[in-house]
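Which chain is which? They are A, B, C and D, in the order written, and residues in each are numbered from 1.
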Amino acid sequence: MCRWAAYRGNALFIEDIVSSPAHSLIAQSHSATEARTPTNGDGFGIAWYGEREAPGLYRDILPAWSDCNLKSLASQIRSPLFLAHVRAATSGGTRRDNCHPFVHGRWSFMHNGQIEHFEKLRRPLETMLPDHLYATRAGTTDSELIFLLALHFGLETAPLPAFREAIAFIEHLATHLGYQAGVRFTAAFSDGNRLYAVRYATDENAPTLYASAMSAERGYCLVSEPLDDNRQNWMRIPDGSAVIIGADGLEVSVFETDTSLDFAMPMVAAQ
Amino acid sequence: MCRWAAYRGNALFIEDIVSSPAHSLIAQSHSATEARTPTNGDGFGIAWYGEREAPGLYRDILPAWSDCNLKSLASQIRSPLFLAHVRAATSGGTRRDNCHPFVHGRWSFMHNGQIEHFEKLRRPLETMLPDHLYATRAGTTDSELIFLLALHFGLETAPLPAFREAIAFIEHLATHLGYQAGVRFTAAFSDGNRLYAVRYATDENAPTLYASAMSAERGYCLVSEPLDDNRQNWMRIPDGSAVIIGADGLEVSVFETDTSLDFAMPMVAAQ
Amino acid sequence: MCRWAAYRGNALFIEDIVSSPAHSLIAQSHSATEARTPTNGDGFGIAWYGEREAPGLYRDILPAWSDCNLKSLASQIRSPLFLAHVRAATSGGTRRDNCHPFVHGRWSFMHNGQIEHFEKLRRPLETMLPDHLYATRAGTTDSELIFLLALHFGLETAPLPAFREAIAFIEHLATHLGYQAGVRFTAAFSDGNRLYAVRYATDENAPTLYASAMSAERGYCLVSEPLDDNRQNWMRIPDGSAVIIGADGLEVSVFETDTSLDFAMPMVAAQ
Amino acid sequence: MCRWAAYRGNALFIEDIVSSPAHSLIAQSHSATEARTPTNGDGFGIAWYGEREAPGLYRDILPAWSDCNLKSLASQIRSPLFLAHVRAATSGGTRRDNCHPFVHGRWSFMHNGQIEHFEKLRRPLETMLPDHLYATRAGTTDSELIFLLALHFGLETAPLPAFREAIAFIEHLATHLGYQAGVRFTAAFSDGNRLYAVRYATDENAPTLYASAMSAERGYCLVSEPLDDNRQNWMRIPDGSAVIIGADGLEVSVFETDTSLDFAMPMVAAQ
């Protein structure tokens, strides 16, 4: 199921989101309350933006609750924009390349959700990738693949349309191959400037997403589940929404896939 | 809290206890039902007897549910006597040397429980060890230390009295230093010939212990919680008991520490 | 570069090949003498046949010289046929799925060598795989891919022809795409009954391969470099050879790829 | 044998010392040129000072050459004072707690060298530690123990005298117990303000130590072996020296242990 948290604002210590709160991301790695399972112990990762164009990336397969390195890094690194994730594996074994966030150039991405029938869709979806993206495919998760497809569909110039198309393509492909289309997609991504999130599911039953303003830091955080019990501080983002956090603040808009889009389906030989 | 399972009888594939049952040890690593926490994801280990005098030992820090090596080994290795453990850490970080079982010569040992105030008792207890056992102290758990103390108190010649003395010593030391004595000790150990278990707690509230006869294999298994729902197959071992499984079968006896024992307390300088 | 060792004969403790000899495989992991680099510290693995049809498999990313689990397993497990490998990475990062041996059903495979220009050939080669083999592709090495191609070309019915075709195909593909063909292939594989090895290179400069009879055990071992200094015990296998070890003993034959074979080249779009 | 590198000056990306140079620390992890062995693949670590009083600490057991996390962290983290180390194990197994640097409060420490007959001296040395330092003893290396002894002997108020006493104590103890005294100690340590190094050996054959001024950064680095071939930039620090780098620059002085010191030897029972 996974849990994640992201922040954009004045530079904050990563621990202020990942370790310190009453129901921090590390706490959620063993006792999540709004996920299908309480345990998200199949690895973790943080991606943070600093002086470089590309973000830093630290991922490991240990449960987040037992990693001393994570605690030390989170306590030392201050960043104005970062993503953090704890994993409950659905597709793909436990190894660093299957931990989120994923990074490509200056883009980072993390995901909570899954692609139904992924084992049937995986190959045709990988076939869609152009060579330079295929070459970077390092793991076996549906999450990494959605990210690579979005890069193919123009993430670097138009992020939300790119994911809209990627998800619509996956839904079309499933139907085309005779399966029930099903994508659950509560994700966050960033280019180091804006922080984006999407909450979407084919069956309108996407994993939860909350936002909170952190006025002292002139910032916002986005989370799978609130980091504390002050429920009035946490705005529940509705299903079928996109969030953009930029220098101007936070903006919510409708996110739906375009059912009228027509795709050339990849050639999939009968096997 | 930890969960464990042990077997003695005709040679059995380790997976028949660790992986295959409905509520196998691997299942208990993420969904234990009779432990304080359902998750026991701070490492695992197996020790098994074969042709050598000393047992084989395989331990790692990954949660048992995600380790492919464990599944393969358990599916391949057949043994007439083995111990298997999944860890929920109380004292001591997550690393191989803090995973159970522990092995010394031909003896293996695993433990569910803890020593109250261990951080205060650790040093005086380590001071008790003779040089050759001190030199083997590789981790920082209370469990490993109880094992080493029992070796010091004659485990190799009289196993149950050795643990009786070791536990009594710990209780005395705590009282001597002004702390509330508290040892919880549901453990299994073996020399490769007999399989022993003890269920004991100072406050008579020891973690659970069950035994089951596996008649087809002319064997017995001992577990923290039953491996399936057939409750009539599982004999609950009462608090304050010792179990010995040998060629002759299974025997249960009373296990208590001797409150009349007098120990020379180690010199503990005021610091 | 990698180093490996394999054995077939009366059941032998794995350590008799992997740990105990003067120049054991573990010794070769830090001080290989006939490899391009002395260090082969990018992971290791063992596959061994026992009671099951499929072999057991234990792989990890630590250098072989520092893994206590490997020493214990090798000391406990006795097997009539096993493969062991220590890795020096060329293509593919350091992770368990990139460690050898690879296993598919009852077949195991390990490799020393590489495919020239693999980063250009990887995608077309993966395109060749039928769905059921594509779905098992877990890593990113050229080695795993050669194995999967051989399975596609009929490894399970005719092992040596299957590898002959797979290698010829790779050479043809390279030429077809405008690259210099170059495959270095000193490999061992088994179905649990016979132990096979091949020493081949496009440029006739394949990594070394030796064989030795172990008469006491009525067995043979195959190695990258001899396990001890008694050079008269080690038969150097010439370049362009295949070795089959079965119940009848050891047989060496010529191994060459068939330059007359004609392949339908996969459709590779200009990107 | 180990290799290390440290820096103090204007904030520098850690990679400028650890990854980028022609003969960087990561290069030295597989191909050291002035060490007993070229391979230092038994783990690595970095400690760096930033906004907190205590340094950050990242250590892992993988060879430095294969860790993606290390490369990313080194590329992102800028620090005015940091220590970095790659390990070749002498005493103590391969695990995070045995990797350098070690950290205590705001102090960090790393070491190249060893204590002769450590297996005999370990227990009496650990006995010397006051309770609060004994409780922090997490690993089994001689290096960590020298650091804890120095803390006991007043590192926090007088760093160089503290190490002088600690080393002298170890030498006395060895002699007292009938062994040949032998300490090899080329180490670096810091409180986040000054960077210290010592090059000392009982037999005057200490591992090498070099210093270089990095004038553009108004800084200095200290290394086991030069990071590049410009030998004129690297000042060889003689045996029996201490180096202090502070805001005022770099200062070298004589470092010797005081053979006239008289110590009360710990009570070591004949065993």
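Quick notes on this structure:
FYI, contacts are C-beta pairs under 8 Å (C-beta built on N, C-alpha and C of every residue); 3 or more make two chains touch, one makes a residue touch a chain.
If you want to know which protein each chain is, UniProt gives these names: A, B, C, D = Class II glutamine amidotransferase.
What you are looking at is a predicted structure, and each value in this text was computed from that prediction instead of being measured.
The pairing of subunit A with subunit D is characterised as same-residue: of all residue numbers used at this interface, over half are used by both copies.
One inter-chain figure worth recording: subunit A and subunit C are separated by 38 Å, centre to centre, where each centre is the mean of the chain's CA atoms. Within subunit B, residues 68, 93, 96 each touch two or more of the remaining chains. Taken together, the touching pairs cover every possible pairing of the chains. Subunit B makes touch with subunit C in their complex at residues 48, 50-52, 55-60, 68-69, 72-73, 75-78, 96.
Residue ranges on subunit D touching subunit B, taken from their complex, read 93, 95-97, 119, 122-123, 127, 130-132, 134-135, 138, 140, 271. Residue ranges on subunit A touching subunit B, taken from their complex, read 30, 38-39, 41-42, 61-63, 66, 68, 89, 93-94.
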